[in-house]
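Paired with subunit B in one complex and with subunit C in the other, subunit A is shared by the two complexes that follow.
Showing the complex of A and B:
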């Protein structure tokens, strides 16, 4: 079937004022930019140039260095010497590595489901603007202005066995209560998890802003067609915030990959290896002047981040239009 | 017009970004670690980074020394200090080494400073140090004071002196609150079993957080009391000790576990140094192992740290049971970087000469404790020493029979001493690991660390 322009097509386009507008699904040939457009592009490239230079110098080149030196034995000062895959073999044979990966997988699931889920829930509640929503929003923001290191220290005091508020409160009812939350298995893992699990303000902000951008007419039209609140949430709002939720999941999981302060300042990976993670192992390797090995760990972290990005992109169909 | 505006804006932003990058990247041509002003051949002024500043325990002595040096050499030399947190000092020095911008004077490698292994593999290996053997020859008084064992360790096969060796021994020991614990015999004359019995219900301020410092000190003493234990520690190279699964060490781990379970303060699990010190200074613990630098916490000026009727004047000191002190002669001192100019080296050598004058040695011994076997103290010093009860106790306790062994935290690989030990101690105390398993686990990790 030919459209009005004579281009071949097999689909009809969207409805517009009651008249279907045909369009071609064949991609049009890219027109050569005009001289004026070329001049504009130059300005755009010049504008982007500093950011690209900074990215190359401070992100891309260090990543290349990490990848290269992960195949070397390097003390951080003398020239590195190539050792092939030895660092990775040593890494796999290290007990702490397998436990770190296991912890990372657990934390990734918790981040993607509980952390992001909680943030989305708060976003939806704030969107409804219940009584006190502004105060709630402000209070919810407070953890974000306190550094992760400060939070870790606060949690150390909260969960202290002798004088922490948690145990002191429980001992009002159970005087013999005695749990070392940060030094005893299996409590340490969950205590460290609590230092970030419900602090989902970034997720809330991203999803909340996405909710605000949904046209009211869509929701009104749905309600006029008989949609209930649950239908609006599940069939309009959630699908339309799909990308922001996906972005939040990526950010949350990659934050778990790089999580350092919360663990270093509370349990330092202990007791034993209960809360061990890759950044702690990396820092320990640097302390041993084993930069090649440390960068092998860094390389693994990069791979994990890329896999997360690709996986979540596919899961949430981030490249598809809404 | 639109195109012109866009180009103008792009050019303006590009120029601003370029200026910002240039401004951020600009720095002193000497590098961040070394600033020198030479005002026409007269005053030589140097600025060095130091962690012995601010609230650091070493600041009181060090800053006083700097002030007195500047007064003595007014118009000739001026030494300025750039405050750096202790945790960041080692990393800063490593970065400056990579930039070939090391400061003139660098603090001694060791616990809390730059890594011993890094010093050997990078600084000594690449000759980044200034040979101090010339200074030693020109200062025979200083050479007489400095201990031969330290000179031997600091001298390379080629005969160069890599750092300024120590003239004093500063062994950690046991502080005890005599109002809570007052034994009939000296602690140093007891065995570990006798000490445990004499403690009764009294507690020791152990740590299982940070680098388990106080626990490590006490563990070293337990090892030294085991048959063959002292020799094991004495034969260990700094940062390379891995035989934590040796039966002697396993036995010591078992005894350490018993001590911690029976005599550990209530906050032992998870305690960092501040918690351990607080336990001692709030009378929750009667004993704390630590270095002589802790004496400043028991002076009247530090009374804000005391609580529950604790008073600094109630604190006494003694060596560990078995007359064990902790000191390794395999220690480097402060050193001078090779990239320093002649004037800077002149200032640095004057600084070290100044530190080895009688007045400064006495000031250092009174401030931070320790013993200088080759030093003849003045009457005034001895009188002042008598006024410091703890330093006087240790001075009187030191004899030829005192056995000095290295601290185990100094001979373990860095990551084991700084991190792994404290992570596994809770498992040992909670009976989730046997002493054998504990020793084997740490031994495996230590061997991996030094690969």
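Showing the complex of A and C:
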């Protein structure tokens, strides 16, 4: 990727040049292995061995276990006994699960539209290089280098009724103001949402780098033809950053599927089941030694992830050129 | 009319920038400043700067709450898992970048595709695996899990880094009679420095901050890491907000420090991590 504006901060090394979508796995076609290379097969497999072991133990076997035991009743001590679809039937009949799925769908839309939208907006603003753009880019990253657990706790304190800065500020004007943001319906859902909604720096960085890779000549030519700023954005820049926006949508929705700290350390699914989600249910099932059930939830998470990937890929036509 | 048209978007733009700066910086500053205030000041003047800087609250949490132990645990797990990951995924990444062998593409695809499976969904099998290996509730077990969590990302970064090194170096070295390991360690690994540093920062920060598996896989206090210690804060520091904020500051500071030292690299590594989808 050429660095078009001469800004060294955005210069990207070999890591992401032309490989922003790791799922299109392209390995350089090489000529037939030389004799020298063939002699080295022993070394090759020796070098791969640790990674293969980690893959088998922590990825491959667990996934097989999830799929198999999600059709069983299992407490971890006795061997799993096959129960067919019983776990999934129980899931559908459980109120918490339905709310979890509903929350996931709400959060996915908020992530795909508001979260990614805000990240893209900031990327386009940074591209204009207004006063203070570098500073903004620097500090926007801070929430992401902090532990998600600590960030969740910080938000819990900010919205705390006694010590929280939100309510202290409101009370300066309305002395009798009292809202328990994290334990009152319907505020809890939205307060939990606020812990991540606008913190979209990764989206910004991905889209910003893609913006820089659009050739200047293209935009200049369009402007010569009388294109307005708005036309440049909607007809050139947005379509050309389509893939990185799509990637961002997938990444943000996947993050919602796996969201745990933001809930476990603020509401733990409450009040009632207002902020319940799949990871919280999964951990509860593990703690109740209900392993078959836990893995059925894991299975649902995996399926939701795959559906998102395929759906967004189609929606943003990510496999097509331009 | 024309100037109005220009002024409105400009104003809006700066409004959004200021909003972004505020939401990113304010929560952190509030925590740090509050750790130097008294309870009363935190409650009555939330926006004021602290009147004086004293580290009593910090001394207190370290002297009375095993905070040093949690910090050591976090440090050991993060550093060891990062170092081991870098070694084994550099080896694998190097081979993927420089050699052809049967099943190469299938294997690489399998490794990378693990990104698609949310780590949380694998919680139960991993939990049981550690119990069977006899390393549940140990730092060793947690280290293994962190090594596995970083696999796809590190491999992706490192493979690309090795791939950018010219093949001619290896060819020349082979003629000179260098062994397989010499070519990797003496020639390629030092040249892949950029990828190694990027992957290390990403791994270290992720593992230092990790909460989900740490809270699930460690139960005793002797192996507790800092993020997990967070969940006990409310009980431990009940209504002593100053100490609460001091403890919180200790946890968030390393990430911020590493970031301020290696800003560009952290941005780059996190941008890559977002690509993982």
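Observations on the structure shown:
Note that in this section the second predicted complex is superposed on the first by the 263 of 322 C-alpha atoms of A that agree within 3 Å, B and C clash if a C-alpha of one lies under 4 Å from a C-alpha of the other, contacts with A are read in each partner's own complex, and residues count from 1 in each chain.
As a working rule, a contact is a pair of C-beta atoms (placed from the backbone, for glycine too) under 8 Å apart; a residue touches a chain by one contact, two chains touch by 3 or more.
From a predicted model like this one, the values you see are computed outputs, not experimental measurements.
Contacts of A:180 after superposition: subunit B is touched, whereas subunit C is not reached.
Note on subunit A: of its two partners subunit C and subunit B, the one contacting more of its residues is C. When the two complexes are overlaid on their common chain A, residue A:76 makes contact with subunit B and with subunit C alike. Contacts of A:148 after superposition on the shared chain: subunit C is touched, whereas subunit B is not. In the superposed model, A:298 makes contact with subunit C only, not with subunit B. Applying the stated contact rule after C-alpha superposition, one finds that A:272 touches subunit B and leaves subunit C untouched.
Contacts of A:258 after superposition on the shared chain: subunit C is touched, whereas subunit B is not.
By the touch criterion defined above, A:54 lies against subunit B and subunit C together after alignment on the C-alpha atoms of chain A.
Overlaid on A, the two complexes show subunit B and subunit C touching the same residues of subunit A, namely 36, 40, 43-44, 47, 50-51, 54, 76, 162, 285. Residue ranges of subunit A in contact with subunit C, taken from their complex: 9, 12-16, 19-23, 25, 27-28, 30, 32-33, 36-37, 40-41, 43-45, 47-48, 50-52, 54-55, 57-63, 65-66, 69, 76, 121-122, 125, 128, 130-133, 135-151, 153-155, 157-158, 162-163, 165, 168-169, 198-199, 201-203, 205-206, 209, 247-248, 250-251, 254, 257-258, 260-261, 264-265, 278-279, 282-283, 285-286, 291, 294-295, 297-299, 301-302, 305-306, 309. In the complex of the two chains, the subunit C residues touching subunit A come out as 10, 13-14, 16-17, 19-21, 23-25, 27-28, 30-31, 42-43, 46-47, 88-89, 91-92, 94-96, 99-101, 104-105, 107-129, 144-145, 147-148, 151, 155-157, 160-161, 163-164, 174, 180-181, 184, 194-195, 198, 205, 208-212, 215-216, 226-228, 230-231, 233, 241, 244, 248, 251-252, 255-256, 258-259, 263-264, 266-268, 270-277. Touching subunit B in their complex are the following residues of subunit A: 36, 39-40, 42-44, 46-47, 49-51, 53-54, 75-78, 90, 94, 96, 156, 160-162, 180, 182-185, 267-273, 280, 284-285, 287-290.
The touching residues of subunit B, when paired with subunit A in their complex, are 3, 6-7, 9-11, 13-14, 17-18, 21, 94, 97-98, 115, 117-118, 121-122, 125-126, 208-209, 266-267, 269-270, 413-415, 418-420, 422-424, 426-427, 430, 432-433, 445, 448-451.
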